[in-house]
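Note that the chains take the letters A, B, C and D in the order they are written out, and that residue 1 is the start of every chain.
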Amino acid sequence: MIQKTIGEVFLIIGGIFMFLASLGLLRMPDVYNRMQTSTKAVTLGAMSSILGVGIIHPAWLPKCILIMLFILFTNPVSAHAIGRAAYRTGVKLWKGSVCDKYGSCMEDEDE
Amino acid sequence: MPYEIYGLTVYVYVGLIMLGVLFSLVRFVAGPSAPDRVVATDILTTITTVVLVVLALFFKRQIYLDVALVYAVLAFTAVVAIARFLEGGL
Amino acid sequence: MKSLSRWLYTAIIFFIIWIALVGTIRWDELVTGAAVSIILAIFTAHIFTTEGLSNLSPKKVICGIIYFFPYLIWQMIKANLDVAYRVIHPKRPINPGIVKVKTKMHSDLAKTIVANSITLTPGTFTLDVRGDEMYIHWIDVKSQDVEEASEMIPGVFEKCLMKFMD
Amino acid sequence: MNNLILFMGFGLSLVLVVATFVVWLSKDLLVAILGSAVVSLVASIFFLILQAPDVAITEAAIGAGLTTGILLYAMKKAGRYEDD
């Protein structure tokens, strides 16, 4: 019983973080800020939910941990790939941005 | 009955996930540039993996976890392939 | 010698993944897994790793699991509370920008770990890595100076990683 | 619990329909490929709800991995934007 309660708490935490990730996707002004909020929150939300399922059914825990590790390793890599692709296709930073050190580096490469 | 009722928690949880899917869908339709849509697809992919795991919980069958595992690996390659294409490296 | 070490390392990693995927330990499955992972390792070792067996030394593995992993999880929880604050706040308190930092790590594996950890921790995410320079999008820029930013963003993890890597 | 799965089915079928409309109406073929990836992702969940995990695995593998790769390859040969 107590074990199911702990699992449900993990599930709810994961659900809230995934909801916040999508809210950030909707509210933030440019691609980079969207990626900031959504990648982090969705990674922890997904891991927390899957851990909750693993706690409710302890026999499934090894496979759940494997899925969690896959998500933990692959999500930052895909975020990094999308971010670099966005910069190279010429998506501008938000107008309130403070500095952009990456642009000069790209110009050096072109010459 | 192949599944078991866990009370209010599961209803709240599914509601939150469905709102998340809906917001990502809005960003997918409205996104001004292609990278926005790729980000939305990435988020939808991760949420789909979680939904597959939670469906395994609802139906109480361990074989459903394998679908989530296959999905987690392959959808990642799809997103990275599209990102590499946008970058011009593919 | 180097190539043998790389091949063995790849085969061991594939074999561990096989066991985790199959889930049961029976001798026929173990033999099949060993055969498959050895054959796959022959073809993929040269793109899978450059370091070889030295990545698998007990010190690195044990320190990584006991020392670095809980720290990473704790940083992720902090990052998510930060994200929650920024998303829910009606005025969107953001101050973004791309900064350049330098990392002290040398091997590719350590650089990958640092870059991925930066992506998962509060307010930063890695756009590109070139040599020992990293370009980082920071949601709340506190310093544009390279040295100071290097101390604030990757320095946190490097202090932790330096003790058992490189 | 049946109600719950029904509710989930309604929400996901909305996603399916909207993604199909995006594929149909978009002039940018890359967006159409992304839309087809989303369609296959939701179809995989539907096969799981209909209790066919083997079909769901096949849909996940072919829809997410293979189709995207082949369509990207074709798009590289054919050009990204559709002419009117």
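Going forward, a residue touches a chain if its C-beta (ideal position, glycine included) is under 8 Å from a C-beta of that chain, and two chains touch if they have at least 3 such contacts.
Computed from a predicted model, the values in this text were never measured in an experiment.
Asker: Can you identify the chain nearest the overall CA centroid, using each chain's own CA centroid?
Answerer: Minimum centroid-to-centroid distance belongs to A.
Asker: Centroid of chain A to centroid of chain C, CA atoms only: how many Å?
Answerer: 15
Asker: So the centre of each chain is just the mean of its C-alpha atoms; given that, what is the distance between chain A and chain D in Å?
Answerer: 21
Asker: List the centre-to-centre spacing of chain B and chain D in whole Å, with centres computed as mean CA coordinates.
Answerer: Taking the mean C-alpha position of each chain, the two centres sit 12 Å apart.
Asker: Distance-wise, how many Å sit between the C-alpha centres of chain B and chain C, to the nearest whole number?
Answerer: Those two chain centres are 23 Å apart.
Asker: If you look at chain C, which of its residues touch at least two other chains?
Answerer: In chain C, 21 touch at least two other chains.
Asker: Could you pull out the residues of chain B that touch at least 2 other chains?
Answerer: Those would be 10, 21-22, 34, 38, 66, 69, 86.
Asker: Taking each residue of chain D in turn, which ones touch at least two of the other chains?
Answerer: Residue numbers touching two or more other chains: none in chain D.
Asker: Provide the full list of chain pairs in touch.
Answerer: Touching chain pairs, listed by label, come out as A-B, A-C, B-D.
Asker: Under the touch definition given earlier, write down the residues of chain B that touch chain A in their complex.
Answerer: So the residues of chain B touching chain A come out as 6, 9-10, 12-13, 16-17, 19-24, 26-27, 33-36, 38-40, 42-43, 46-47, 49-50, 53-54, 56-57, 60, 62, 65-66, 68-69, 72-73, 76, 79-80, 83-84, 86-88.
Asker: Per the contact definition, I'd like the list of chain C residues that touch chain A in the complex.
Answerer: Touching chain A from chain C are residues 20-21, 23, 76-77, 79-80, 83-84, 86-88, 92, 94-100, 115-116, 119-120, 123-128, 130, 133, 135, 137, 139, 141, 144.
Asker: Which bits of chain D are touching chain B when the two form their complex?
Answerer: Residues 1, 4-5, 7-8, 11-12, 14-15, 18-19, 22, 28, 30-31, 33-34, 37-38, 41-42, 44-45, 48-49, 51, 53, 56-57, 60-61, 64-65, 68-69, 72, 75-76 of chain D touch chain B in their complex.
Asker: Help me check something: in the complex, which residues belonging to chain A touch chain B?
Answerer: 4, 8, 11-12, 14-16, 18-19, 21-23, 25-26, 31, 34-35, 38-39, 42-43, 45-46, 49-50, 53, 56-57, 59-60, 63-64, 66-67, 70-71, 74-75, 77-79, 81-82, 84-86, 88-89, 91
Asker: Please name which positions on chain A make contact with chain C in the complex.
Answerer: 17, 20-21, 23-24, 27-30, 32-33, 35-37, 39-41, 43-45, 62-63, 66, 73, 76-77, 79-80, 83-84, 87, 93-94, 96-102, 105
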